[in-house]
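Okay, so chain A shows up in both of these, paired with chain B first and chain C after.
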Partner chain A sequence: MANPPLGLHLRPANAIAKLVRRTKCVVTVALGDKVADGRSPSDLLMLFAPPGTELILEVVGDDAAEAVEAVIAILTAAGEADEHPPAS
Partner chain B sequence: MEIRRGIAVSEGVAIGPALVLDTEGVRIEARFVPAKQVDGEVERLHAALGTAAAAARVRQQSLTAALGQDIADIFDAHGGLYEDPKIHAAIEALIRGQLFSAEYAVSRYIRGYVKRLDADASGWAARFRADFLDLEKQLLATLVGERGGPLVTTGSPVIVVAHDLTPSETAQFDPKTVHAMATESGGATSHTAILAGALEIPAVVGVGKFLTDVSGGDTVIVDGTQGLVIIDPDDATLRKYELLRRAQLSPSGVHRLPTRNIPAVTRDGVRVYLHGNIEFPAEARPCLDRGADGVGLYRTEFLYVNKAHDPTEEEQYEAYRAVLTELGSRPVVIRTLDLGGDKFVPATSVATTEKNPFLGLRSVRLCLRNLPLFKTQLRAILRASVHGDARVMFPMISTVMELRQCRSIWREVQEDLEEAGIPYKHDVPIGTMIEVPSAALVADVLAKQVNFFSIGTNDLVQYTLAADRNNETVAGLYNAADPAVLKLIAMVVKAAADAKVEVTVCGEMSGEPMFTALLLGLGIRTLSATPRKIPELKRTIRALSMPDVQKLAAEALRLETAREVNAFLTAHLKRTLPDAEV
Partner chain C sequence: MRMSNFIVKDAILPVLTATTREGAITEMIASLHAAGEFAAADVPDITAAVLRRESLGSTGIGRRIAIPHSRHAAAGKLVGTVALSAAGIWFDSVDEEPVRLLALIVSPQDQPALHLRALEAVVHATKDDDLVAQLIECRTPDDIWNLIP
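Our next item is the complex of A and B:
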């Protein structure tokens, strides 16, 4: 279980996907009946997880415990607020 | 074969292959590819994703120092999205399964994703919208870039079909290659419609959803006279339209219209002056060919849009001189820059977005805030004035103060030229457009400041009825025949007559024969319209007589609704010109 204070926005989604692609684990993140593939930032964003949402992590594979720690660290640290200038 | 009906805004018929522009103005030439090309398209997709990811990372690097890690990381996240295995798989599936081109598949996938973001009831996910639309833009830029340059370089003739076209896009069209256009949105008086008329390209707007039925390269017929768009026509239809198209190309066209050399006089001998509205110097000659007595509105926006820098004094001088020389002793009314911050940003100022641009910093308001830009234009007009009968006109004046400011800047520029010993005409007439209700209401005061008025009915109608002419849902309110508009016009004409200043009407209204009798009856003696309307207006005027139109105007002013006015004027036109198209 993780409860990202700033929500699951673009940068943590990217950081999680990068991390998962480096490990040998299968990571899924669930919210209600929606499940996202940890390797896909676009999938993670589709969970629609604003600040304070409880997310369920499922990690299967080698070093699963470490991966869980790392994902939770990303979610709880998740940078500044998601206010960024329109990218172009 | 699919036949769609829209609003006919520019006459003529054209047949050709479709060029589909999506809403961003990006050219997606083909939506589908042959099966044997699928592998190639998938390869193009992956290459484009790779290129875009690399570019995002480069941007991340360069922004880290300038804006800090957090902002720069956004671009790292974009890079991550370009590498997202789910995105790769989904777009590839569209190419393989639907035979979409890489461009079209990218666009379809991302638009679909954005729609899902928008569906988040809490509104949280909508914040990623701009990011994904940016991804689309970057990918399309890469993919389209490979296949060819911007629209202007399109070599072979095409029919442009789009959801909507901006004036700057339309202005880039070369009538030699863009043979017609058809858009899903837009109304009869949108800028696109006006420009299409000026360029004499057949055009139909307000067709409603039809882009999904057209693929790039499909044969399309645009019938700008009937307001039809025919997609993938059958042989019989194609033959019929080929004949129509050839007929309009025959050399017996406009140049020898019987009205060319006869004046616009009413049956009882009152002379009416018909001027042309033009946008480009090249239109001056066709304008005269149609029998115009002058140019009543020379729009100058083309000098500014789509330019990397503001036009120099010299560029402007040349553009004004060309038209003045062509027109000889006939008047040329040059309107100063009439664009809003929504369409144009001076190269020297910082871009800002406005919530309500039509009520914002536009037109003369923008010029008064940007004096170097304004003075450059006025200087060029004054210098060119020695080549003919130049007149200057300020658009969108809404208060007396604005007009006073314009006049004092005009004087300053004259003094500057004087000091520099540069020749100019000292008595260039000054006029103001009356297109804001407040200006119409104080026309008696404004009249003391100017030599002439020109009633810009398009904006006057829009501002009087507070209805956007491009918004289909309220376009019904937008009606030049509305009693409120007629009353304002009558007021302005009276104020002009009392002060003995000239008054012209230069909106679309002046080009419609239905309104000719009314405008004459209200006291208007000069109409300025799209040049191709001039022969028809002349014919209408020659069928009218003053006592009759004065009575008509008085009666029209007593009517209570736009619908009644319309019916009344249409019936009158039918009586005076039984074969008129109404």
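Our next item is the complex of A and C:
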């Protein structure tokens, strides 16, 4: 389970998809009855998970433990939300 | 929200001349300006803001789609445009496919929820593979406008 403080916006969605594609795992992210394939940024974005949403991760595969940690790290990373690029 | 609520019809680019991510973003913002959006003096900074967001992580979401975007103080309202690249543009997308369909969004700095709703509208529309395929084959702004949900 993960609770992304900034929601599942475009930047973490892409980061998760890139990560999952590097693993040998099948990763799904669920919000209520909506389930997203972790390899697909579009799928993840379609969850429309706002800040603080409780997401359910399901990870199956050889390197599942590492993958879970890495996905949670992306979801809970500090930083500005996708729609808040820092001022130069 | 629907894409047609904020896409500026006169700024739609069925044929991008740019061949790079930076060039495409610059061309799309210039097209919005030519269509009457943004003061000329604000164009460079708005372009820089979208490129800065891009530098934080690609907005290429795979399936040949990218959604470059930023909020900006000079944006008086939510606006966007759609552009097509025949050759495809490298966007460092998750699937490493070149991008053919771009939807650029700029929204007021103080309206983050509005910005997110616009992003959701694009993601929702482009989830439809058939629509994406049809959009990529468009040759005129009217063709694109008539397909945008």
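The criterion applied here is as follows: the second predicted complex is superposed on the first by the 81 of 88 C-alpha atoms of A that agree within 3 Å, B and C clash if a C-alpha of one lies under 4 Å from a C-alpha of the other, contacts with A are read in each partner's own complex, and residues count from 1 in each chain.
Please note the rule applied: contacts are C-beta pairs under 8 Å (C-beta built on N, C-alpha and C of every residue); 3 or more make two chains touch, one makes a residue touch a chain.
This one's a predicted model, so the numbers in the text were calculated from it and none came from an experiment.
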Partner chain in contact with A:M46 - chain B first, chain C second, else both or neither: both
First (chain B), second (chain C), both or neither touched by A:D37: first
First, second, both or neither for A:L10, with chain B first and chain C second: both
Which of chain B and chain C A:K18 touches, first, second, both or neither: both
Intersection of the chain A residues that touch chain B with those that touch chain C: 9-11, 13-14, 17-18, 39-42, 45-46, 48, 82, 84-86, 88
Residues on chain A engaged by chain B in the complex (per definition of touch): 7, 9-11, 13-14, 17-18, 37, 39-43, 45-46, 48-50, 79-80, 82, 84-88
Touch list for chain C against partner chain A, complex: 48-49, 52-53, 56-63, 65, 67, 69-71, 94, 112, 115-116, 119-120, 123-124, 126-127
Chain B residues touching chain A - in the complex, by the definition given at the top: 70-71, 73-78, 80-81, 84-87, 113, 116-117, 120, 122, 124-125, 127-128, 130-131, 134, 137
Complex interface listing, chain A residues touching chain C: 9-11, 13-15, 17-18, 21, 39-42, 45-46, 48, 81-86, 88
